[in-house]
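Chains: A, B, C and D, in written order; residue numbering restarts at 1 for each.
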Amino acid sequence: MTYGSPALRRAVLLANQTIPEAGLAQLTWGNVSGIDREGGFYLIKPSGVAYHDLTEDHLVPVDLATGKVLAGDLRPSVDSESHRAFYLAWPSIGGVTHTHSTNAVAFAQAGRDVPVLGTTHADTFNGPVPVTRTLTPEECATDYELNTGRVIIETIGDDEAAAAIPAALVANHGPFTWGATPQKSVEHGIILEAVAEMALKTLALNPNAATPPHLQERHFKRKHGPGAYYGNPTA
Amino acid sequence: MTYGSPALRRAVLLANQTIPEAGLAQLTWGNVSGIDREGGFYLIKPSGVAYHDLTEDHLVPVDLATGKVLAGDLRPSVDSESHRAFYLAWPSIGGVTHTHSTNAVAFAQAGRDVPVLGTTHADTFNGPVPVTRTLTPEECATDYELNTGRVIIETIGDDEAAAAIPAALVANHGPFTWGATPQKSVEHGIILEAVAEMALKTLALNPNAATPPHLQERHFKRKHGPGAYYGNPTA
Amino acid sequence: MTYGSPALRRAVLLANQTIPEAGLAQLTWGNVSGIDREGGFYLIKPSGVAYHDLTEDHLVPVDLATGKVLAGDLRPSVDSESHRAFYLAWPSIGGVTHTHSTNAVAFAQAGRDVPVLGTTHADTFNGPVPVTRTLTPEECATDYELNTGRVIIETIGDDEAAAAIPAALVANHGPFTWGATPQKSVEHGIILEAVAEMALKTLALNPNAATPPHLQERHFKRKHGPGAYYGNPTA
Amino acid sequence: MTYGSPALRRAVLLANQTIPEAGLAQLTWGNVSGIDREGGFYLIKPSGVAYHDLTEDHLVPVDLATGKVLAGDLRPSVDSESHRAFYLAWPSIGGVTHTHSTNAVAFAQAGRDVPVLGTTHADTFNGPVPVTRTLTPEECATDYELNTGRVIIETIGDDEAAAAIPAALVANHGPFTWGATPQKSVEHGIILEAVAEMALKTLALNPNAATPPHLQERHFKRKHGPGAYYGNPTA
């Protein structure tokens, strides 16, 4: 049995291929998943398969309720349980991306939120992209990947909050991003890496840099909510 | 009816395609326009169309006097009103470019002018590339994009000044550049990003770096004005 | 006589070609070797041949016991004696890579270990990637390349230690990495460069950044040892 | 009449094309020349021609003794007089390269020599790559490009010194490099940019970094002089 519509399978494959194309990770690092809410499962990149070898047939269907693999011989990405935690916590998301992109990792390793320093950030993230607390030894010892997902949910909050800031940094690890679709989740990974690089360079030029709240609000509302007018090709 | 000569349409398309090719923006960020002064309109990238899908037929003709779309179903780039303000203020310009290039954005977010630190800068910009003041809450609330254009014009000055320094940084936002043609405007965006990166690295090595005024003047005059002798293939 | 199995020859060629593809060195810098333990020799990149000209026929077979070239007119990479020292000291390794990748060289030149700042590092290197002591004038004057290998072995320790941290930085020089195969050795070079860049940026954001030991241990054990569960495509 | 042998014409074209391929300059910036010592002329890139349009027929022959163009309608690069000064001062060089590569420019703008921090530098440059003094207002006003060449020669010294350190940084401008052939001169430009980036990052990690003199000497002698043994494919 083949899990997932042709559209979902293609979307998950393309979003995974975007990771190396956009320079968000080396080697086999990183992974994207996409969910079929009606079917109660998600498709995720398998563990240890090179991106240039990846096909739709490699995608691993995972049961949303149990985390069990539904078909095939391949193991899901080691981060599968983190993805599952997000899908369970936030009903409106449709895709999840994990990368090791350089500048986002630098903030995660430094234990610093990516601050809102300008409109590039505010167009997508309605506040700082937060870094989680450090996992305890106990959280590392058992159900580590599930606990990684839980600490992000603890940091971000509910479904509405996850839509307002669709990204988080796991302390001493790296970024997770999500969105309405697999492609949106990986686009948020691209944007997070771009704004993290901008922020790192901005702070080198001015350690006290900040954005006025009214400018931040204006830009987020240009793209989100009832008055949004940014990025729609047709009026 | 098709707006714009084949040459103008091709120039605006190519200049837009230069944005991703030169690494000046991610995803659909950024936009270039070019003007038909006799016709009283400019052509600009539509909102939310991916660069690799963009064709001449997508370019949106906008009335210079009113800002209204003259034909087609597509919406112009959200920054259209900023472009329009420049065309009205500066009669000698023929093209406008907006990007979110990393190093220029870093200076914009840091609230610092890009200083004149060497001849790479002075060949094109006859002084620091200035950062605007922050827009007020009122300027953000109503006619935000038009006010973005206005604050740049307030910062740069008249048509002559716009030719001497064909670039500005909007505070906590990013760069706008302009030139005699669409291609020149995007080339100024490439140069601004290059000199911003050089400046950031120079300041890391020497926070007090500066260029002697006589060297700055020499380089600008090599390329501009009656005694210019740089870059002309034929004598 | 042709030295090396077709598989080994192909592996050494591909691993060498990975150096320029992954941006780990300029021009002809860098080299990879792979060993035939039964045959008692290793194949290494010749000195001064451009990567895009390199074929399997250029690979130089070197006697493990004596360091003598076994066939052909080409000279082995100038670093051949360093490679030989590693193969003699560490029986479980199958490939060695030397590059001049920018960020790893920066740490080597700064005389600083690459610290463990996050999971990207801990997944591969079970502790800081150490920088060697400076070679003495005597070690530079005679058998310089052999002494370069020796000072790395002195820094790393025995075969088990070489498996736990498969990389070192020669002071004021650059990185050497190794692994079970030529491809693994160059992958460790890619990872070292990535984590060195992340570390440099992390330290710019937070000079006191560090990783909790329990997180470091968890990640290394995900990929190594009897409980490893990371990166295996099949369960 | 066609100036230059087919080999020289091809070498100068390929070396110029290496500038954009190696990322050493934007747009039409930068230039390479190569000399025919017997013919008493050099071939140089024309001013203002895009690299992707450049052919051998565009190369401009310039008289070594007078600086006059010997044939064709194209003007030589604006930096031609700097190249000519080097050819007159240093009889053993065969090619000259000028770029605006980012990290080398950063050192030039900061007014700092590129220090010898490791073997990557010492393999090619037998000491710091020096930055010139600032040109006086008089030197900028008349014969500016010739004076740019002269101040480099004043900084570097005689033919032997130019072979030992085949590069210099013009203060607040950028790098010039030279070598036995056009290709060698552009390779020195690639190496200078690489070691400048390494140096900038090294100094960020350790402002007091330095290389022991005996290591520096060892590496330069591996590649230069009677005992050289690096980079020769055949023994």
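Methods note: a residue touches a chain if its C-beta (ideal position, glycine included) is under 8 Å from a C-beta of that chain, and two chains touch if they have at least 3 such contacts.
In UniProt terms, the chains line up like this: A, B, C, D = L-ribulose-5-phosphate 4-epimerase.
Fair warning: this is a prediction, and the values are worked out from it, not measured in the lab.
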item	value
Most widely separated chain from subunit B, with each centre as the mean of CA atoms	C
When subunit B is superposed on subunit D by its C-alpha atoms, the rotation angle in degrees, nearest 5	90
Interface numbering overlap (same over half, different under half) for subunit A and subunit B	different
Computed distance of Cα centres, subunit C from subunit A, in Å	32
Averaged-CA centre spacing for the pair subunit C and subunit B, given as whole angstrom	46
Subunit D residues counted as touching two or more neighbouring chains	204
Chain contact graph, described as a line, ring, star, complete graph or other shape	ring
Which pairs of chains touch, using the document's own definition	A-B, A-C, B-D, C-D
Subunit B-touching residues of subunit D, taken from the complex the two chains share	26-29, 46-49, 73-75, 78, 100, 102-103, 105-112, 134-135, 137, 140-141, 144, 172-174, 200, 203-204
Complex interface listing, subunit C residues touching subunit A	117-120, 187, 190-191, 194, 197-199, 201-202, 204-206, 209, 211-212, 214-215, 217-218, 222, 229-235
